[in-house]
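Just so it is clear, A, B and C label the chains in written order, and each chain counts residues from 1 on its own.
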Amino acid sequence: MQFRRRDLLAGTALLAFSGLPSRATLISGQIPWEPDAGNPPPRVTPDGWHFFTATEASAVEAIADRIIPPDPETPGGKDAGCAVFVDRQLAGPYGRNEGLYNSPPFQKGTKQQGPQSDKGPAQIYREGLAALDRYCRATYAGRPFNELSDADKDTVLTALDTGKATLVGADGAAFFKQMVTDVQTGFFADPIYGGNRDMVAWKMIGYPGARYNYLDWVNRHNERYPLPPVGMTGRAEWTPKNG
Amino acid sequence: MTRRLPKKDVVIIGLGWTGSIMANELTDEGLDVVAIERGPWRAAPTDFPPTYIQDELRYRIRHELFLRPEQTTFTFRNKMDQTALPIRSWGAFMPPNGVGGGGVHWNAETWRFLPSDFVLKTHLTERYGAAFLPEGMTIQDWGITYDELEPHYDRFEYLCGTSGTAGNLRGKIQDGGNPFEGARSRPYPTPAQPQPFSYTLFAKAARDLGYKPFPQPSGNLSQAYTNPLGVRMGPCTYCGFCEWFGCANYSKASPQTTILPVLIRKPNFSFRDNSEVLQINTDASGKRATGVTFIDTSGEEWEQPADLVILSAFTVFNVQLLLLSKIGKPYDPVSNTGVIGRNYTHQTISSVNGFFDKSKFNFNPFIASGSIGMCIDEFNGDNFDHGPHGFVGGGYMGQVQTNGRPIQTSPVPPGTPAWGAKWKEAVRDNYLSNVVPGTGVHGSFYSYRDIYLDLDPTYKDRFGRPLMRITMDFHENEIKQNAFLTDKFAEIITAMGAKQIAKHPRTAPYDITQYQTTHVCGGAIMGNDRPTSAVNRYLQHWDVPNLFVLGASAYPQNAGYNPTNTLCALAYWSADAIRNQYLKNPGPLVDA
Amino acid sequence: MHNRITASIGLVAAGTLLALAAAPTFGATSTDGQEFSQIERGRYLARAADCTACHTTPGAAQPFAGGRPIETPFGDITTPNITPDLETGIGAWTDDEFDNAMRNGIRPNGSRLYPAMPYNSYTKMSRSDVMAIRAYLNTVAPVQNHVVANTLPFPFNIRLVMRVWNALYFNPGEFKPDASKSAEWNRGAYLVDGPAHCTLCHTPKSALGGDKTDQYLRGSNLQGWFAPDITNDDRSGLGRWSIEDITAYLRTGHNRTTAATGPMAEEIAHSSSQMTDGDLTAIATYLKSLPGRQDNPPPIPANDPAMVAGQAIYRDQCSACHALDGRGIPQLFPSLADSAMVRSSDPTSLIRILLRGAQSLATSAEPTSPGMPSYNWQLDDAQAAAVLTYIRNAWTPAAPPVTPHDVGRVRSDRETRAN
């Protein structure tokens, strides 16, 4: 039996982070270990848009602020960094469907068979945002989404959500559902990924974040957990306040 | 060109729970053992440390620890007349990858099956008559009994340090445990985990309704433990990052935390990681396995000859390797002949979310372990009279919420919009005061003639091999079972004091995008009859006696419990047969 | 078989001081039997002296063939081949030549060995013990392995310099028992100062690499690690370890409060884990008799900014294993509250373990070998210093703070060391 040999390294590299691919090894004698081990996620830094154009970014920030509107206690999706989160995700493996089964043929199936598209999220956003921009300009006298009133924005998004608005060149309802998922994911993900800035979402709900020990609170029934949230990169209290 | 390695006594395909158990048993017997593992080596300090493992996006949403569909996936359809399409991103279940297998990312619920589960066909037929079983249901007896398996359950639980409260100690029913369980020879090795608020509230409500709640048996340990191999574990710290994640502080039972530290020190054991077995080789007669062929990450192909082959990959891959290696007769649902791919099953899962008054209830849902929870077993297996209900099977139910990770676990009451200011407000107001039991109703999934595995005619993996094709749907029996159980569960959630509940009963058709445990079973089932089973009662292949096939692929149908304890007990049972019978006289252990 | 023999050696050796000089008897009467017992005693002593650690290249199939580079402050020294190979090993050496190298640091050609070879310790050994090692080494497989000579920079490349060094730091002469002490104490002193050569790592060195004898076994910085104080000092030494704590550590790499890693893990694996209980108890008895300093500084107040930050980091990151009370899990996760290493005068090892992670030793008695993750990516110098200062002051006795500068030094040192 002969098998096609392809570069298997690609098939076993880590999904989200481009660490060195693992190599096959024969292991015996002792548990493998090396110093400085680990593959932590790189920190998202605020250095401009990696995937979105400026126009796209304005629209996504405005959409993020309608999916998660600001209120007096908690920032909205835009100030929480959700658009930055989505931008970095689309620029990375997620945007390209990396690691997923991307082989043809692509055939339409039932809902129960799951998505069967050859398009990754990056392409879906590119096409969806362009289609949304055309829709808004056509409907609202040449104005793009981010220049609409909040009420008009919600009208557009509701129309997409319910399938009442039809986008040309994109599945508006599916695209909007994907944006809702991605924006809300960014709101609640670790701030290392660019959203949930200053852990605002975790503070809002009372989630203490990337902690690893609640032994002292297991038997404290019906009592609010007292410590603030912590992210993978820590919290403000980790840095000594000298002087 | 395939290069040939020096012959070993034993080659093991897949170094998860069952592969590790078998390797440890056979190296104790003095055999020279090599294991071939498709994924990488992984351990807490280097691969899932407490510095960054608590990352819901990376591990839960993006599935980092699992096999990548790009490496291989399955095709799926509900009915035989549909075209199966590939699972492009994981959904209904999560195939593991790497050393430790599913034992790395499981929740560590460590249940035993009921005595009646092992003689299911006989039991149900005797109690209700053959006509009570729906047409097309293909359940059968396992070929072993609970009593035969009990010592091996005991070994696995003491290996893991399982935390729990015995309900039946040598036939005597114990307060606080599961009164329906089979007799156990010893108490659990460690006491049950202390239960946070919502779990005790569930227990109280259940007790008030007349049920007998008990703590879920847990491989997240209530206290530090040293197992019989001398390997030490720490106490669980309720981090809420258990299933889908590796445990960072040695408190969840896994091959890494229970067996591998000892196994790896043995001079007669080694393993290869990042190496995928392509097929099991047989001699010209087809009656004897000669070893395996595998491919490493550089694309080199190797042959590993061995006297004994242990197939201990994930359920579906066990079946795939048998089919690709042309070992055993493939199942054909039309003619109802053949065995490889037959009786594929899953689990029938549902949940009821409860929303409570936030001024009175604070559950801190993030304080949880993978197998925390209080459960009742009144509606499992045949623990109740099915006569009036018109279905068979059942499951345990309980508040078994494993986490409060907010991307997945920030539910809002029914009627709340999916986005916008009202959604945001509802998330804020409900996060600390709701219960989301996840797999709260954990029901059986019995086998049917038209639910099976075979090779897909169209889609291929990266080596050009056909993907496995899953043909799977819910039958009316399971839907009725689940509706009944979900209603019973909702009564208890309501009795906890919920101001609002949201019932999510399981409905047909089976949806491959909805996660419903990774407990896929069957396809290479065990039994007493060659025409209806792939392996005999010792998990020895009927046609190729020097091949043993371990894991949940051997389950003739799936019971209403998590499968790991049973499949590990079966691995010990099989190892015992190899050590005490097969090695003395290599050949078929059962005449048929 | 082997275990039984070494156990009998231990019984005899620990039982009487005389056994140091006299070959232990195994009831054998033939010459072959005596040779066998001498070889087995030599095998045991070679383990106690940990010859294999330096004279075997890690991963090499054949032991004692040399070639392993040993890092010293003056450059790497490559260890020679000590198999009985006539050409490239020491097979052609006479017994006197072997003894002269072991106990005086002088090669057959008259040149001087570098003190990376602990002849400064081996000089304390009896000739009988040295000859037993010789007898054992004669039985190992000869390996043809020509080791390329040392690479020390000037002036250390002039072996003549070693004459001066020896005049300054070398104190030749066999161990002299102290009649006022117990046999066990004397056996421990002999092992510590002689074959086990503990001073090589644990006694601080002068600029020229000689022992600072006034700081005997008070801990020393070498190879990017700090070999801790092993006197009975209450803060940074063995003051709070029982005899059983010490013997368990030396035998298994673990005890109720700590776990071995780094070079000491290697030592335990190759050497002390294979020593007899009697010898380990003797070593512990002797070390416990060495007075500590009692120079504990006052604790840093809990409201100090580094302590506040350190407590937050400890709570969020460290407590999952080392527990909220700092006491870890016995035999699994070290108790920082009880750890002498945590309170070392020199925090190098502490910083290194935090930044790079560590794997504890696996032994057959303690196979688990739990590991510590690397925090290098997560904590900056100030944060790492804060959490280390916290664990040095949250429990008594207190230890001086760790500074961000200390962390920076170890972090940059990390760049130059593979492990």
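Here is the rule we go by: a contact is a pair of C-beta atoms (placed from the backbone, for glycine too) under 8 Å apart; a residue touches a chain by one contact, two chains touch by 3 or more.
All values derive from a computational prediction rather than experimental measurement.
Ranked by how far their CA centres sit from the centre of chain A, the chains are topped by C. A simple rule picks the central chain: find each chain's mean C-alpha point, then take the one closest to the mean of all protein C-alpha atoms, which gives B. Computed centre separation for the pair chain A/chain B is 30 angstrom, with centres defined by C-alpha atoms.
In this assembly, the C-alpha centroid of chain A lies 51 Å from the C-alpha centroid of chain C. Our note on geometry: chain B versus chain C, Cα centroid distance of 47 Å, whole angstroms.
Residue positions of chain A with contacts to 2 or more other chains are 30-31, 33-34, 37-38, 40, 210-213, 215, 232.
Within chain C, contacts with two or more other chains are made by residues 317, 319-320, 357, 359, 362, 369, 371, 373-374, 377-378.
Annotation for chain B: residues touching 2 or more other chains are 43, 45-46, 49-52, 235, 237, 239, 248-249, 261, 265. Looking at the complex, you find that chain C touches chain B at residues 317, 319-321, 329-333, 357, 359, 362, 364-375, 377-378.
Residues of chain A touching chain B in their complex: 1, 3-12, 14-16, 21-34, 37-41, 66-69, 71, 74, 94, 97-103, 105, 107, 109-116, 154, 157, 161, 180, 184-185, 188-190, 193, 201-202, 204-215, 217-219, 221-225, 232. Interface of chain B with chain A (complex): residues 39-41, 43, 45-47, 49-52, 54-58, 61-64, 68-71, 73, 76-78, 82-89, 91, 194-197, 200, 235, 237-241, 248-249, 260-261, 264-265, 267, 269-275, 278-279, 293, 295-299, 301, 361-364, 366-367, 404, 406-407, 410, 418-421, 424-425, 427-428, 431-432, 458-460, 462-465, 509-513.
By the touch criterion given at the top, residues 43-46, 49-52, 224, 226, 229-235, 237, 239, 248-250, 261-262, 265 of chain B touch chain C in their complex. Per the touch definition, chain A reaches chain C in the complex via residues 30-31, 33-38, 40, 210-213, 215-216, 227, 230, 232-235, 237-242.
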